[in-house]
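Note that the chains are named A, B, C and D in the order they appear, and that numbering of residues resets to 1 at the start of each chain.
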Amino acid sequence: MTKIVDTAAEAVANIDDGSTVLIGGFGNAGQPMELIEALLDGGATNLTVVNNNAGQADEGLALLIKERRVDKIICSFPRQSDSWHFDEAYRAGEIELELVPQGNLAERLRAAGAGIGGFFTPTGYGTMLAEGKETREINGRNYVLEYPIHGDVAILKAFKADEKGNLIYRKTARNFSPMMATAAKQTIVQVEEILPTGSLDPENIVTPSIYTDVMVAIETESTALAAREQGAK
Amino acid sequence: MTKIVDTAAEAVANIDDGSTVLIGGFGNAGQPMELIEALLDGGATNLTVVNNNAGQADEGLALLIKERRVDKIICSFPRQSDSWHFDEAYRAGEIELELVPQGNLAERLRAAGAGIGGFFTPTGYGTMLAEGKETREINGRNYVLEYPIHGDVAILKAFKADEKGNLIYRKTARNFSPMMATAAKQTIVQVEEILPTGSLDPENIVTPSIYTDVMVAIETESTALAAREQGAK
Amino acid sequence: MLRDEPVDRNTLAEIVAGDIEPGSFVNLGIGQPTLVSNYLTAERDVTLHTENGMLGMGRAAKEDEVDGDLINAGKIPVTETPGAAYFHQADSFAMMRGGHLDVCVLGAMQVSATGDLANWHTGEPDAIPAVGGAMDLAIGAKKVYVMMNLYTRDGEIKLLPETTYPLTGVGCVSRVYTDHGIFDLSESGTVTVKALFGMTFDKLQSESEIEFVDATGN
Amino acid sequence: MLRDEPVDRNTLAEIVAGDIEPGSFVNLGIGQPTLVSNYLTAERDVTLHTENGMLGMGRAAKEDEVDGDLINAGKIPVTETPGAAYFHQADSFAMMRGGHLDVCVLGAMQVSATGDLANWHTGEPDAIPAVGGAMDLAIGAKKVYVMMNLYTRDGEIKLLPETTYPLTGVGCVSRVYTDHGIFDLSESGTVTVKALFGMTFDKLQSESEIEFVDATGN
């Protein structure tokens, strides 16, 4: 059953120190800024974070790293022009980095949610990111064995939800969130709007309600962008 | 690029003898009856068929089996109260059966489409369907290694398409078709209606156009059922 | 719990329904487990999963509601409830295999003391095998319950130290509901008897080499 | 093909665009490959994939079109074309890894004669590594093209018998487009020179131990 809470602070209140936190988003698209801010305010520390990136500029995940709440990050693309907080922490030896090719990251999260114990992927074969990993030739192609990435908690941003916890996303802000929703023991979601159950077309649900544990309605720029798009039609 | 043809016969015209044919559907829901009939009329034989079942009563896949066009079937649930054509062929030793647990069947098709070389699944571990297969204990749980199932061709039923080849399905008729669309060298789809490109919401596409090779518009009972449902609202 | 008489299927279904936590996501196997849905009242807010691609499955369709595109795993036409969601077979089995469902209720031919399940194949050489989703369901929930008669028609007990039929899953069943009693299984092979219906503990113990623990509260 | 002068990036992008079959599904990597999109006219009906979850990506967004929820893999705001589709990252990379895209065009630091690609990391000890989708893109299409300058700023040739930088993918590149020429690679290490721009075959051969085959039609 999905619990609806009133504030971001309540939503993230039971994230413990030392948790593995899956954070949705690709760059800022789909990044749950308000939940991350609440996590920052809440003080949880010694976190392992899984995200595509390692934060941009001075908001969201970047601030969690700046405040040294993140012991380890599992991501595909930490270094960007505006990843200065990560860069500093990394050069200071104050954050551990597990670098994972982006498609393997997505597939490892999916595997965790889908009960798959491991899978053979061609991505990364023969590269330094596969060093020490088991490999195998199958039907003439070379593969690396990769394992699932499970989270204690996922914090995500979706576009709309119904009260039951079914979720839809908006455009490329969908990215990693549907997999992360399945890969964590507890899934916490900020959505623009929570509609009465029955408002979303059952054919179009991206994350079924079974995966959603906690929701909070927070209006962001996405609502205005969707309204602008509606108006343009 | 997706080719739109006028008849089911044209759609299946280049399916060769000896092909591995992935056929969508769970029971009759989503089964591409008209494409199967065209395949029957076209005479292709020595087929390997992948479907959840082995045909029901006297239509569709059951007739392909009755006419001994199918050398081998890969499925999860061949024996049903009305699978008499399969039963007869099987008892006569005239069809080979590879029995696959339903979730492994779906995942093996997904793996084929997703470029995964193999995966460890807990399903079937310790059973006769895993005999002779590689197993492994990972984090205290036992798994069986399963490999992808690739098709030469997939024949599927979808609900609506746009001219570009994007597909949506209807209710539980979706079942195996989205995976099969990704797992075959050529994907042939019968749809109730082909709409102008731009008519389907990009958020709701289930099978993106890249997977659709050939389409033919054939109205079936699904159109009437959808209209009835619309009317009831 | 003790009752003087064995319970019928409907009573047993009602007992199972009563043990399912409100708000649960549940898959009911074909056959006897389907009866459980009759006792899942709206207040319990239980969401039913059907492995052919749906959460929020409703009751069986009435004649004028029958829709060939909306069927359950037993290929019976069903209905849709508010808040339902459709998805494809790979996502549906990922939901089971990934341990997201709270409860699966399955029929069985045999169950072992350690929770091994046999419910798909008698192993007879001339039988045409068909597994469907049975092996996925067996490992497909946080709790896997079996609902069955304790005895075969020939009077043989179906809860055994070890199964003799081909397995569906290893050590997967946590609880067995039968017409003669309810049993909690454990990895060690100790079986805790939670309830007996029309049967004494001594009678039960005399019929099996399983190590039963009496928790009927008698 | 021979030209007297090296070609500039835009001319090269136009050449690459001309080699993409009409109706293709294509992923253009960050940097120089992005220029190719400027020469993919509507009649070519090429559909662009962006690995962060979209087919049918349009041009870069103009100021009043910028939508933070609609970005490409380089995190640049883009637009949507009719017939577009959104999907999640696992489906998006399945599309690449499964070999469904017709062409990927990537930048490179080095390419070997057998098609090994190095484009993500210089291997310098103090560099912060970041791979993104590079390794997935390297193996993510039926044909993987590289677009790069033939020489580094220091004048070192980037098409080598063997790469010295850390690899992105093994034997994955089929063709290399450079300012000085176009090269088809093969498993055996034989490199077929399809075109030279402002360079003679002899000059090229004198600079490398690669076994070049002249197919410039000179």
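Here is the rule we go by: contacts are C-beta pairs under 8 Å (C-beta built on N, C-alpha and C of every residue); 3 or more make two chains touch, one makes a residue touch a chain.
Remember, predicted model here, so these are calculated numbers, not experimental data.
Chemist: Please identify each chain that touches chain A as well as chain C.
Modeler: Output, common partners of chain A and chain C: B.
Chemist: Of the chain pairs B-D and B-C, which one is connected by the greater count of C-beta contacts?
Modeler: More contacting C-beta pairs are found at B-C.
Chemist: Using mean CA coordinates as chain centres, what's the gap between chain A and chain B in Å?
Modeler: Whole-Å distance between the two chain centres: 32.
Chemist: Could you tell me the distance, in whole angstrom, between the mean C-alpha positions of chain B and chain D?
Modeler: Each chain's C-alpha centroid was found; their separation is 35 Å.
Chemist: Any idea how many Å lie between the Cα centroids of chain C and chain D?
Modeler: Roughly 55 Å, centre to centre.
Chemist: Between chain B and chain C, tell me the centre distance in angstrom, where each centre is the average of that chain's C-alpha atoms.
Modeler: Roughly 29 Å, centre to centre.
Chemist: Check each residue of chain C and list the ones that touch at least two other chains.
Modeler: In chain C, 54, 80, 86-87, 93-94, 96-97, 139 touch at least two other chains.
Chemist: Name the residues of chain B that each touch 2 or more other chains.
Modeler: 107, 110, 114-116, 121-122, 169-171, 203
Chemist: So which chains end up touching which?
Modeler: Those chain pairs which touch are A-B, A-C, A-D, B-C, B-D.
Chemist: Quick check on the complex: what are the chain D residues that touch chain B?
Modeler: Those residues of chain D that touch chain B are 22-23, 25, 45, 47, 49, 54-56, 80, 82-87, 93-101, 139.
Chemist: Once bound in the complex, which stretches of chain D touch chain A?
Modeler: 50-54, 67-72, 75, 80, 86-90, 92-94, 96-97, 116, 121, 126, 128-136, 139-140, 166-170
Chemist: Of all residues in chain A, which touch chain C in the complex?
Modeler: 1, 110, 112-116, 162-164, 166, 182, 197-198, 202-203, 205, 208-211
Chemist: Would you mind writing out the residues of chain A in touch with chain B in their complex?
Modeler: Residues 107, 111, 114-122, 136, 138-139, 141, 143, 147, 168-171, 201, 203-204.
Chemist: Of all residues in chain A, which touch chain D in the complex?
Modeler: Per the stated touch rule, the residues are 26-30, 52, 76-80, 86-87, 90-91, 97, 99-107, 109-110, 121-129, 142, 169-179, 206, 221-222, 225, 229.
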